[in-house]
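Two complexes are shown next, each including subunit A; its partner changes from subunit B in the first to subunit C in the second.
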Partner chain A sequence: MRRRVVITGMGCVTPLGHDVNSTWEALLRGDSGMAPVTIFNASTFPASFCAEVKNFQLPQPLAAGGKHQHAGRHTRFTLAAAMEAWQASGLGESGHFDPDRTGMYLGSGEGSLDFDNFTSLLVDAWAGNRLNTVRWGELAFGRMNVHRETEQEGNMVVAHLAAEFGLRGPAFNSLTACAASTQAVGEASLLIRRGDAEAMLSGGAHSMIHPYGVTGFTRLTALSTRNDQMQTASRPFDMTRDGFVLGEGASILILEEYELARRRGAKMLAEVIGYGSSADAFRITDQDPQGEGAAAGMRAALADAGVGIDQIDYISAHGTSTAQNDSVETMGIKAVFGQRAYQVPVSSMKGSIGHLIAAAGATEMITCVLALRDQVIPPTANYRVPDPECDLDYVPNQPRKAKLETVMSNSFGFGGQNDTLIIRRI
Partner chain B sequence: MPMPQEEVLDKVRETLVDALGVDEEEVTPEATLTGDLGAESIDFLDIVFRLEKAFSIKIPPGDLFPDNILNNPQFVENGKLTQAGLATLKQSMPHVDFSEFQADPDVNRMPELFKVQTIVNYVQNKVNG
Partner chain C sequence: MTERRVAITGLGVVTASGLGIEELFGSLLAGRPSVKRIDLFDPSSFPCQVAAQLDGFSARPYVPKSYRKAVKVMARDIEIAVAAAYLGVRDSGIVTTGLDGGTPDVDSSRLGCNIGAGLICADLNELGAAVNTSVTDGKFDMGKWGREGMNNLTPLWLLKYLPNMLACHVTIIHAAKGPSNTITCGEVSGHLAAGEAARTVARGAADVAIAGGAESKVNPMGLLRQTLLGRVNTGSNDSPGRACRPFDAGHGGTVIGEGGGLLILEDLQRAQGRNGRIYAELAGFGAACDPEGVNYLKPNVGRLDGAVAAALKDANIQPDQVDLVIPCGTGVPGEDAAEAEALRRALGPRADTVPVAPLAGAFGNLFAGAGGVALAVAAMTLHKQTIPPAVNFETPAEGCELTVCTEATPARLRYALCTGFGVGGQSAALVLKRYQE
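Let's turn to the complex of A and B:
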């Protein structure tokens, strides 16, 4: 019989709150995390608002001792989220904590570049139409920040977590764009199933709210430009949706092998029973228009979980509020669920919280666990105008009481990356 | 006009607080950078960078902190600095106090040589000529 994997702790830092409870309550109220960009002056950008984490400081004792003095913004979010999850799980103090058998699998995005110094170097070493590398060499080594260079690497969040919590088990990070942290939770579960680890810190982190990140998404016309209606700009599945709202944050889940959690009397929040990953095999920035890639991921997760479509009580959608994603996801769900698609409630929290990019999937996984706990479905905020291409039950604007046993969560990323998780009440 | 020792110490302290995220009170003249203040290899690069800015000085590689003396077989034998190694170090690093170290020049003890006072000495030599 295969090993079972349970969730025993959760923590998050999001545009809606600095912990799980405040984020969840804000989501159920349908609050908006959107506000004008404060991290840099974005007043001339087509989208001058976003969903920032507000008024965040690294809490004690994490801030003491200088261990994380130069940690990037997304790493700081993750440390706080991980502290909340770690304390909630009680694993560290349980007498059952084995550092060599406790690992990390994150879907953490890259850190931000040493943007100002880099730009000033380009200006000073620019020779009309090319970079003068001699001049660059004269200037660069006295100007580029050594810490920023290191901290932008994709594995740095994992490194900070390992050092903070003393974890010496398997250490991984996936960089699969907006699907990264759903994939991370899935892969972390597989590591535990295989017996490579008995507990894993998993989840994701990202902050792309810097000039370079916002420019990239702007060029792709992926962002909503409703500057005059920012609170309601993210409107997944609504006919008038015009793009996503860029968010940031971190979410961490403690995954444990069921027998360890049982032995130590841990509070089990939910069981991870299925995981599927797929590629669109189509284009880089367009999804397979029939939703076949998304469907393949959902089918793989169902097969892995050994449950049928009749047993899925709720789908937490990727639902970004872009024209393409929401109709393609709808098509993918219909391809998998057939007529049953019209009976399964589907919602996207991105209307409230924005798109946390690499951190989105793990944050949504936390809301799925809370949906099971409270037997309530979080709503799709800002849904007003039905779209004939999006004709499912999207739980508009109000949370809904429901009997929930088994729920599915989708994440899709640029490049045609699809990941789906299924969890069950325990 | 020469910069008084107190002023140098204040600016060095400020630099180390920013570089290492330690509290001001921890940065005493006798505090070791590695042992007491938790500096790791990347921090030594950062400290040099910040000192250059704070004092408008140029610090060549290997001048304040040694860079590759341990790679020279003439200078290290059985995990200890040789007399030649010690002499070279002393000559190139007049800002370092070797008096306790030379009785047992174990390379593992080298980090203990670098204290806040070491940086203050170095900067004073540099700015006051």
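Let's turn to the complex of A and C:
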């Protein structure tokens, strides 16, 4: 009998709200998180809007004291999300908290570059056709700051969470692009299942809303450029979709071994029963066109959960609103579910909230837990024009009441990384 | 649930001291350092001007002909991983699509990949050339950049720098479609990736996995960041070969190396069934962290004693059964002392007598690449029953009174412990076990 893993707390900071409830309510209302970029002046960029976290400040208990004074933007989001999750779980105050047996597995992205200083150095040390590294070095040590540089490292969010909550257990960070935090929740569950930890803070964080992040996605032609219709620009599975809308944020879940949660009388929100991971191994720019990689991840999760396709009541799609992802994901679902694919509701919240990149999967996992709690499926916003290649039930525009016991969540990353989680009502 | 045993059947290493395990191990036995003055860029204005570079390195010879075009969108970290994967697969005797010729004999869906990666630095010449098309009155002009300047970057520019592109290229080249991950957890990334991949094979989610890490910080940004942290040796520019001295009384900071190591991990029964060469078993893995690690200007080894204790427990062995330690051994004085202290806490009296073989003196600190290379060397050491000598160790620094080997030492070795930690306070430890039929 393997150990069971349950979710006992959740927290998030997203373009739709600074906590779980406000994000969920906005999502069910079909609100849009999109607005012109304010983090830098993107007015001349092909895509000049995005889904920023708005008016966010680190809540006071976290902002006080020196521990997090240098924390970067995505780390601040994560601290607030983790505090919400931690308090909701009650683990810290329960008398059952063992710091050595409590770890972290995050899918957090790199921190934001110190753009102005970094870029001014490229200009000021430029010697015609190449960088004069001697000049660069002379200038850089005066301009660059140890905290701004170090806080960009992938393990820094983990470091701040450990400091805040006094965690001493296993600590990992995965960065498999847009699949990272789904992967993190899956791998964290495996650590608990195996007995390597009894509780894990898991989830993800990312902000790529900075000039080079937006540049990178623009050059890949991955972003929607509907500047004049930004509220409806992200339209997963719709025929007229033209790219994703870049978002940012953080989501954290508290995962616990079932017996620990039971012993301490914790409120169990859902059980993580299946996780699967695969690689397309196809091309650096394209997904496997038949959706075989996506299908392999879903099949692995089903096998891990020991459930059949008939038991999946809802699929939270990756559904980015790019031409390729949404049709490939549809094909993958059909490859796994066969005729059943047409009966399972599938929705993507990215129409409302945008694409939170490394933080996307954990945010979607939170909405899956809430879907189980409220027995309601969050809609795919901005779905108007059916695409013959995307012919499933995408729960367009309106939330839908449904009987939900077991749900699946997909995440796919650039580079062909596929991850799927399955959770069950408890 | 019983877990499967995990064999290490291929060792792919790329370091300044050698490409491929035979070349690297030979260089280590000879005690040769590979640290030199940096010439990949002119470091004259940097306080530290030495590193262990991969001179003349390119991934091209390690990429199937049909895939050579892709080398131009590989950052150096990716090139290192691609070469290490090729060398590891070739060494294992397994045939994948990554080797020109031969029929693949591994099920793609059962071939996993897990690679630790760092914060990949943009090529400053490439980015600078684009940025400098958008300058007005001597200043970067964001408006111009948005309108036209960014078009001077190749469309695939971002894909050079996503850390999961190491695994992406490796999975494409070798058709590794099984469970896949990229760990970005600082210097402990490679250790964690190898440990996690071993679990993947042990629980039966994959039969074979390509696992470890790769990184290059030999570029202005990488060197700047480590210098700002006060970790690099700034006093040995005139004697580069002696710059990195883990646990030695003369240690004065770490030295950046570039490199990586990818192991082929394989279900033991599968390896036995095909009569593959088994270097060692991966028998134990543990990880931990230290809440104090966030104070990253102070030395911190991430509660390494906790990781070691977990790894020994996982391997079901006692401290006195450890025959060899391949430590993180960065050469940063505070870190060396803290690592020695963590080993004493975890191993007790055995810490004073167990042979310790730090590697960074030879080929520098490989950061995310360190774990894979250390594990490869540990596996080779168990296989050859010979401990490679530490480069640049003469007398122990205060607090670092470990039994560091200074000569190639034949020994009866059954269990080897590899330790890793990183700035920020995470740690990992792995136990390898000698394989005997």
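To be clear about the criterion, the second predicted complex is superposed on the first by the 426 of 426 C-alpha atoms of A that agree within 3 Å, B and C clash if a C-alpha of one lies under 4 Å from a C-alpha of the other, contacts with A are read in each partner's own complex, and residues count from 1 in each chain.
Note that contacts are C-beta pairs under 8 Å (C-beta built on N, C-alpha and C of every residue); 3 or more make two chains touch, one makes a residue touch a chain.
What you see is a predicted model, and the numbers here were worked out from it, not measured in a lab.
Number of subunit A residues touched is higher for C, counting subunit B against subunit C. Of the two partner chains, subunit B and subunit C are each touched by A:Thr150.
In the superposition on chain A, contact of A:Gly142 is made with subunit B only, not with subunit C. Of the two partner chains, neither subunit B nor subunit C is touched by A:Gln398. In the overlay built on the shared chain, the residue A:Gly65 is in contact with subunit B alone; subunit C does not reach it.
With both structures placed on the common chain, the touch criterion links A:Gln290 to neither subunit B nor subunit C. When the two complexes are laid over each other on chain A, subunit A has residues 67, 145-146, 150 in contact with both subunit B and subunit C. Listed in rising order, the residues of subunit C touching subunit A in the complex are 1, 41-46, 70, 73, 108-109, 113, 117-119, 122, 124-125, 127-129, 131-132, 135, 138-140, 142-147, 150-151, 153-159, 161-165, 167-169, 171-172, 174-186, 188-189, 192, 196, 199, 203, 205, 220, 224-225, 227-229, 286-294, 296-297, 302-303, 306, 310, 422-426.
Within the complex, the subunit B residues that touch subunit A are 19-22, 37-38, 42, 45-46, 49, 52. Interface residues of subunit A, counted against subunit B in their complex, comprise 63, 65-70, 142, 145-147, 150. Residue ranges of subunit A in contact with subunit C, taken from their complex: 2, 40-46, 48, 67, 99-100, 103-104, 110, 119-120, 122-123, 126, 129-138, 140-141, 144-146, 149-150, 152-156, 158-160, 162-163, 165-177, 183, 187, 190, 194, 196, 211-212, 215-221, 276-285, 293, 296, 300, 413-417.
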